[in-house]
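Presented below are the structures under discussion, each in the form of structure tokens.
Both complexes shown next keep chain A, but they swap its partner, so chain B is in the first and chain C is in the second.
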Partner chain A sequence: MNIFVCVGSSCHLSGSAKIVELMKNAVERNNLNDKVKLSGAFCLGKCTEGVSVKFDDEIVCGVSEDNFDETFQKYVLDKI
Partner chain B sequence: MRKFDTKVQYLKYKILREVARYAMEDRLLDCYTEIPGIIVKGPESTMRCCIYKERAIVSERIKLAMGGDKSNPNVIEVIDIACDECPVSGYNVVHDLCRGCIAHRCEDVCAKNAITFDENQKAVINKENCVECGRCASVCPYGAITNRKRPCERACKVNAIHMGKDKCAEIDNNKCISCGACVYQCPFGAVIDKSFILDVINLMKKSRNNECKLYAVVAPSISSQFSYAKLGQVITGIKELGFHTVVEAALGADMVAYAEAAELAEKKFLTSSCCPAFVDYIHKQFPDMVEHISHNLSPMAAIAKYIKETDENAKIVFIGPCTAKKMEFQKESVKPYVDSVITFEELQALFDGCGVDITKLDEGILDNASYYGRIFARSGGLADAVSQAISEHGIENFNYDPISCDGIEACRAALLRASKNVLPNNFIEGMACSGGCIGGAGCLTHGVKDKNEVDKYGREAYEKTILSAIGFMK
Partner chain C sequence: MNNLCTDVGYHSLYKHGEQLCGDHVDVIEKGDDYTVLVLADGLGSGVKASILSTLTSKIISTMMANEMSIEECVSTIAATLPVCEVRKVAYSTFTIMRILNNNEAELIQYDNPHVILLRDGKNFEYEKQRMETGGKVIYTSKIQLCENDVFIAMSDGAIYAGVGKYMNFGWQRENIIDYIEKLYDDNYTAKVIATLILDECDCLYGGEPGDDTTIAAIKIRTRKPVNMLFGPPSNPEDVNKMMSLFFSKDGKRIVCGGTTSMLAAQFLGEEVMPDLDYFDPDIPPIAHIKGIDLTTEGVITMTQVLKYAQNYLTDNVCYYDWSTKKDGASQIARMLFEEATDINFLVGRAMNPAHQNPGLPINFSLKMRIVEELSECLKKMGKKIKVSYF
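Now for the complex of A and B:
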């Protein structure tokens, strides 16, 4: 699975660096290094909706520290 | 608020703007012959002997705006009919100013006995003996000896431009580093950088049709430009043109600073690789020093590489102050990452050619890089960033001693000493333009406060350290 965390200007200011860190830790913790490729993307086109993350072809907006675990479960763990 | 420093820039801009407008309307090839009449309306001439010559020169400028002479690898070209063939008499005595004094300091200081005196006791320079050292001019108490050197030759610190056949300026491509100093200084606008705006317009159209995703990578020196509007409005304007998004080249600078610090600690001596004119200068004038050039890509190429690796649909245009970048992006090592390069002058022409008034737009956001990446735009910034990167790496057993060379003459002095092993420093930050990138020939304006603008922009960065800016890549 390819995961792109948006690190474009808007998402960056909304705290995408933190989401990248959480994502790296979650991938590590679940031993998904072989199955998941994590990268940054510059702008997924949803600049006003909080941090955007693209899981393969699906874009999820408004990812935050609060809903991170839930999001990771739904879009990564449940699908792999 | 003035958009340009000089009327020559304004003239060049008007042609680029019209070319952009016609190209956007898909009628450039049918109608480009109309443009000279739009620029030079007549019936009175305002720049040259007659409107027909003015229009002929505009036609030549149009060719350069459309990419110029494809057989000439250099991006800097001379428009021969625009060259005013300025006199090149070198040092001369201005007879009205020479008082025919008794001291004759000019005569005493001349090592070549080139100065004699006429029947009125006024100095005369014998051109056969004169070696143009300029010492007589420096000692004359009346300032009566002047150097009539061509502005292009005076601007060119690497001696690449000279009077050629028919007295017209000629560029020696074996020496030219494409820094654009002559372009900015020629009072007749006879030396011009080729433009790739047509390639960029094609990419903009493709991006609008979703055939590619067009990224603008903008240089941090943009902070001192477009001062008649807000930076955020410029960002929105670039997106209005059809770009998918805008990314800071300064983030590439963060990446470069971090990698360069590690490379420096390993190799113990390096010269920077960010400024393409400086790198070209080393290749042309100090070939023995080439091995010491940092192996890192430039910030432009580094960030473009990252984008291309994560988005296979990406096309990338660098927008900056630099004419030498127009050479760099054609290098084999950079070509795969950067698709085209334009200057701030050309961006202004694109805005106006496409009817985008940035002062009317909402402010977009541009924030990818750290303070350190952003201050690359001014002399000394790169050296500061490498210092920061050394401490962020936790490198302790290395005594960092940089020298920041502001302008190509300072670069030359440092390289000369380094090549003889007498340079005490272990890192050469080379910037071909005076002041760093903010002094670039492709800037709309150059001002004494530009450095402060860059520093201010640096302090506004959300990320305060290099690692926090590039953390997502690790």
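Now for the complex of A and C:
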């Protein structure tokens, strides 16, 4: 699975750096290093409150520290 | 004509407790024809010294720029400077550095510590002729220029730094030469060289300079263009026009902005590959596009570059950040402040709808202001700037 975390201006201001860190840790913790490729993306065109993340072809907006675990479960763990 | 140009940089430390500097630097440049820099150190400190040195440097730089002789300059100074009530003399030392056609330097020195010339980073002893005019002993030199020659002029505050505190006899000219020879790097700009020496003086003075201290440097370097693309054009039909122009220019290329980098990549038939490494948590990661030297995020990165540029023009303490860090803003700062002599900005005026959210501290007018303020700062650094809007 390819995961792209948006690091464009708006998402950066909404906390991309934190989401990238959480994402790296989550991938590590679940031993998904060989199943998931984590990359950055410039603007995904969905600037909202929160960070946009693309899981393969699906863009999920508004990812934050609060809903991160839920999002990771739904879009990564449940699908792999 | 040759491909050389002059890069000028100077800064002063004020005597502890003074609000005015008794040293004054004046620079007059006329394209590639000549650059005249005069560093004057007025007698005493405070207001009186400041008036003496300002008058001296202004009069000399104006007269020298008009190719009048040194004798005329000195007699004009003697006739003009107000005489000190206490000391019954009108006195200001001066150092003149005149660069002609970027191939010859003329130094005229009166009572300041002698100019240091670094050639390929090593001290170069140049010939000086002694002459007397109006009762003053003046040393003159003519030097054929080489690329990377650095001329360093200073007021005597520099060599008195640390007297009695950290060094019994102060920091002599030889010590300054040793210091800068050890640190020297071809990438240093004149301003960086000046502030590196000044920072050391400030340390030796324990942060409380006992005298006004000024360092002025001129570096002879080759011209180097850098091109910067910032923002998509307001009319989407102009994308190809903007990109063709950007890629037709000589020199390194920087692309700023998410959408902008995608358009540039499309034009080249390449991909944008953003990094995930945050070298500075406040600056978004850079990206890579084959064929482009540096790709970064837009407004946030450029806001930081502007801060660095504004600081460069004062005491340049942020140098220690941007000169080594790997984030996008530091990399742009190095390319624009250190490498470039000529900068072409291609600025797109498209409004990013996502940025017009009142909750975000970024918007269209901010972007335009950054471009304007940054180009002003770069002009003050002596760069040739061209801004084209699309």
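Heads up, the rule we're going with is that the second predicted complex is superposed on the first by the 79 of 80 C-alpha atoms of A that agree within 3 Å, B and C clash if a C-alpha of one lies under 4 Å from a C-alpha of the other, contacts with A are read in each partner's own complex, and residues count from 1 in each chain.
The working rule: a contact is a pair of C-beta atoms (placed from the backbone, for glycine too) under 8 Å apart; a residue touches a chain by one contact, two chains touch by 3 or more.
Not measured: the values here are computed from a predicted model.
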Chain C versus chain B on the shared chain A, clash or fit after superposition: clash
Chain B versus chain C as contact partner of A:V20, first or second or both or neither: both
Touching partner for A:E49 - first (chain B), second (chain C), both, neither: second
First, second, both or neither for A:S64, with chain B first and chain C second: neither
First (chain B), second (chain C), both or neither touched by A:N30: neither
First (chain B), second (chain C), both or neither touched by A:A41: both
Touched partner set for A:H12, first chain B, second chain C, both or neither: both
Single chain C stretch clashing with chain B - from 57-65, 147-155, 165-173 or 201-209: 147-155
Residues of chain A at both interfaces, chain B in one complex, chain C in the other: 5, 7-10, 12-13, 16-17, 20, 39-43, 45, 47
Sites on chain B touched by chain A in the complex: 215, 235, 244-247, 306-307, 309-311, 364-368, 462-463, 468, 471-473
Interface residues, chain C side, partner chain A - complex: 257-259, 261-262, 272-276, 278, 281, 284-285, 287, 297-300, 354-355, 357, 359-362
Of all residues in chain A, those that touch chain B in their complex: 4-5, 7-10, 12-13, 16-17, 20-21, 39-43, 45, 47
Residues of chain A defined as touching chain C within the complex: 5, 7-10, 12-13, 16-17, 20, 24, 38-43, 45, 47, 49
